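Structures incoming, each one as structure tokens.
Note that chain A is present in both complexes that follow, paired respectively with chain B and with chain C.
Showing the complex of A and B:
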């Protein structure tokens, strides 16, 4: 298997960048899924896409607005009507989905090389993300597993809540380094640790 | 200004793009009626009050929306997915 290259390599420096009182409010890390795939249903064909996600990944996505599910290694969430973003630590899922999603059901787009996934976790994760996105990140508004699509200064981003205080942010690969640096600066206030 | 997208929920208006006046019907593409095309392309009602509009949630789910907005107060009165009606008119 070919090693994955990350656009964050020149700037990702592991370590603890704590506040004066040695506390850290968030942990930043890059998640490197082997597969990131966008699934889009033709009108009225959403059930076929949800069935394909169950078949290929074993994940049950309820299908309501923004609903999703996340495990240690897999995730899936709806980010638009009839559109879903799925990721897995294993490679090759776009091929599996191309077999499972017929041409009558919708389309499969492999985004594995087009997105970088940055994980922000910790008690201040909501606080730091709120500096970037005009979105309600509280748990009643964005439940665990749920995802959204939004923008940061007109740059598209998709965000999934993968834990009570953990979020995975999907950004364009070419934008990832800039976003990472912005995220570090925004996290300085609360102290942060880079994994 | 906050627009409540039927899919994404309440979002800042900067995530949305105004597309056009709603409730308009394009002439038959085969038509050569210049007056009808002129009216469709150039003439606008310019309502002062409740105004039907087509917006796109370009910074979110990218859905086209039918928005009822008051052009005097900028209050958003109603938002539905444009695809639900197939045109800009509010479903009955």
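Showing the complex of A and C:
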């Protein structure tokens, strides 16, 4: 199988870009899930989608829009009413979901090539993200596992909190490099490290 | 020691010195100094020239209300004008210059304007230069001639023309309670709110938090108020639920308790850390706003009240207490209230000589008299200052008897030698933000001031903002505003028992200019002149005189101006009313609003093969947000030579183009086919799985929205493609229809534009090339007929291939996962090499589609119907569709509508999109347009310049001659109108 080429390849340079006092506030990295799949439920059929997520991925998503769950290798969250974004390090999950989600429950859309996932982690992650998005990133407002849909200028973004100070930002692949560069620029104030 | 720096006192760091320059002269100050305090400490009293009359001006205030002392900061080649010296913290290497003067601040030729007298009064330019036509001097032209000189002679600082190299950022924040202002009331509110567990942001516009606690002589909780404030700030800063923002001006109050603020992050630093912005713009969504913004002391309006050395009493007190600066050696005080007595005493205790306290009131309170006695000053009640003397600095005042009830002056003037006159005309609560939030100000007779209303939605006030001037009450209000309920937790205070309620005296009339609005040089006589000329509404007064319209937004002039207007009208102040304050409360740097968008105003959108294009010599240009190859030029080729070669090679052999930018929407669900039947003019429910169809989409008004092919991938799964330009618009249109018009349809829409990389491979050898590299499927005519879809692999990567053509040649679109896009593209390039395959850009793509007569966004311009584009064959009569109700609307079927035609250049000169087409050529008076060019190129297959156009009744004009009329580009010449199908109209090549 041919490996996916990341849109960040020419600009993602690992290293430590610290502040003058050698500290770094955030770590930036690209997460490259093998599968990114969007699941959409027809009105009243959300339970069927949640059951499919449980069946295919073994993840329990507690509710609808906003709620979610994340492990080291897989995640799922509701980004809009009846709509969920799931990702896994393994490839081919769209096929598995196509079997699990019948036409009466909803639809399955493979976005494994269409979205780029950028992870921002560290004590200043909330601070840096707040430069881009009008979203309350504090943990009471956006608990671990939760996700939201938002936008930065023309860049649509879906963001999931995957740890106490860790967020995965899903952006359209074509915008990924531009967003990455903006993110690095915004992170200079707090110092950053690229993994 | 600086001439005006006290030997002790103040909150500055005397252990360190800072060097800075003002107008090229080097000065020193200390950390904690503002430019104003440092210059005053150095004995500099002349800081600027006034707006219109170029009168010498000093410092009037000590904070954000300063109207006079505006300077320009020089940062390398960048310059930032109109910065208040009172808000500018000094740092090593700071360079500032004065402004609105020539050749120098001390010797300003513009000062000749002072001789203009009444000629330069309010609205002088309207009256003087808008006159009737007299000989060659037409009024308006004369004004335009004079305007240049007037604008040079009047104004504030000049903005630089070099790019601002500073870095700005934006920040979003959310909190339960935002406290604006960190005086005692604000600190108490923040403390109470924070201790109850709420998320608190405390914003203070000054560098040092504490507000009046920093310069008052009162105590809180048994310690000096300043110490209490510093300890409280430290306590707040340690709390995890509190964010303290010093140097942050809250400048806008918007709907939904959305607050705009500007933080001056590194304006005070000589060398910001790497990545630190100069300023940060905050957008704060707030549960409750506590407005603890205090009050501004008002000047009194009297002749010569603008002379350097005349300043607000509280400002002088602050310079002494906070900066250890004595604003004069011999100081007089002019007041209409008790508050100035406290200022006088503070200055006396700091080491100043208080010569006299002049009170317009005949009787003063016992505490005021007792305080005055302690200052050692002569007490002159029932008196007023009626003139000041001095050039660039004050040296004498004239005092006469004054009747506060009638405003009458009597007796001979008495001269008193002073170098500083402090004035206090009462206090105006800073209600600007509440006003922005919609609060209607209420006049308070006792305080002679506008106060905020008691009931408010979203905010609560505390302290001076409410007109509450006692420390005890301010703390209590702050505590309550922060949600505190147990009054036993309030700290004890001790304060001076002085009532700041003033006498209703705003102006002392006399000979000479008495300034109301210092920054715009509006005098009391200007206000009366406006009244005499019929401007009775306060809104009209403001606009005619420009009172309150300068950068300080009338902070010191608003109430005095209203009072003088009311007096002229014979009305009470509340009858006259007040104007509503608008954002911004304080000036906001444009750069801070742009923030990270500076230089990156639009994100770049890149196709999966972008890097290959760059590495292989493509010249790119932007198409919306996308960056697309224009040409893949060879060394020495012009653009035209390159696209002609690319198009010719494609028609003769094969070419490959990146079409990843086409909009792609997954339309899925059991009702997807039905939905497509409704949104397209033609039928899609009959489309078999594995086939594609060209579709046309109309708006509700019957005009063409977009076109493209839609592929049926499975029974309930369609892939819709749109034009690159209209992808977003089509998605919005479809989502609207699903959400609002047909919510019962089981259809989902997902943008999958970025999921797929698309390569269009066209030309007579394209099938051979695919056959050479595609595995897993055949690509012959039987397996892959026109509009057929097959699945296979190219060099190990899964691909989906649809046979369709935009160029008119045998052509295919090869879709792969975007992450495989470059891999597949390179495999196609390699496979095509033996067949003469070339990559081509948008110019060649455009050339071939013009030759073929296909339409794009240039023709689908929001004004054309399907018939106009000769696409009426796509309008189904078997079903309704969006826009079908408009198909027989008279205006949309009129015979003289613009219709798509082809254009041949008959003088062999290139054509241009946008050029008009006329029947008769008249270069001197272009007229009679019958249409316009939409696209043009050199056609390699026709060997001439051609184009497409929209022309009135175009189809009936085929074969007719006309002319290009393009006066902007000076292109005139003969053309022939022909069919838009220049090349292979039967479509034999693409069906071959």
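Just so we're on the same page, the second predicted complex is superposed on the first by the 192 of 195 C-alpha atoms of A that agree within 3 Å, B and C clash if a C-alpha of one lies under 4 Å from a C-alpha of the other, contacts with A are read in each partner's own complex, and residues count from 1 in each chain.
Simple rule for what comes next: a residue touches a chain if its C-beta (ideal position, glycine included) is under 8 Å from a C-beta of that chain, and two chains touch if they have at least 3 such contacts.
Since we're looking at a predicted model, the values are computed, not measured.
In the superposed model, A:174 makes contact with chain C only, not with chain B. Within the superposed three-chain model, A:81 lies in touch with chain B and out of touch with chain C [touch as defined at top].
By the touch criterion stated above, A:66 is placed in contact with chain B alone, chain C being left untouched.
When the two complexes are overlaid on their common chain A, residue A:134 makes contact with chain B and with chain C alike.
In the superposition on chain A, contact of A:154 is made with both chain B and chain C.
In the superposition on chain A, contact of A:7 is made with chain C only, not with chain B. Counting residues of chain A touched by each partner, chain B versus chain C, the larger count belongs to C. On chain A, the surface patch touched by chain B in one complex and by chain C in the other comprises residues 134-136, 141, 154.
For chain C in complex with chain A, the residues that touch the partner chain are 169-174, 199, 273-277, 283, 285, 596-597, 600, 602-608, 611, 625-626, 660, 666, 668-670, 716, 746, 748, 750-757, 795-797, 817-823.
Interface residues of chain A, counted against chain C in their complex, comprise 1-7, 9-10, 19-20, 38, 40, 42, 103-104, 106-107, 109-115, 130-131, 133-136, 138, 141, 153-155, 172-175, 177-179, 181-182, 185-191.
Touching chain A in their complex are the following residues of chain B: 6-12, 14-15, 59-63, 81, 83.
Residues 43, 65-66, 79-81, 83, 134-136, 141, 148-151, 154, 156 of chain A are the ones that touch chain B when the two sit in their complex.
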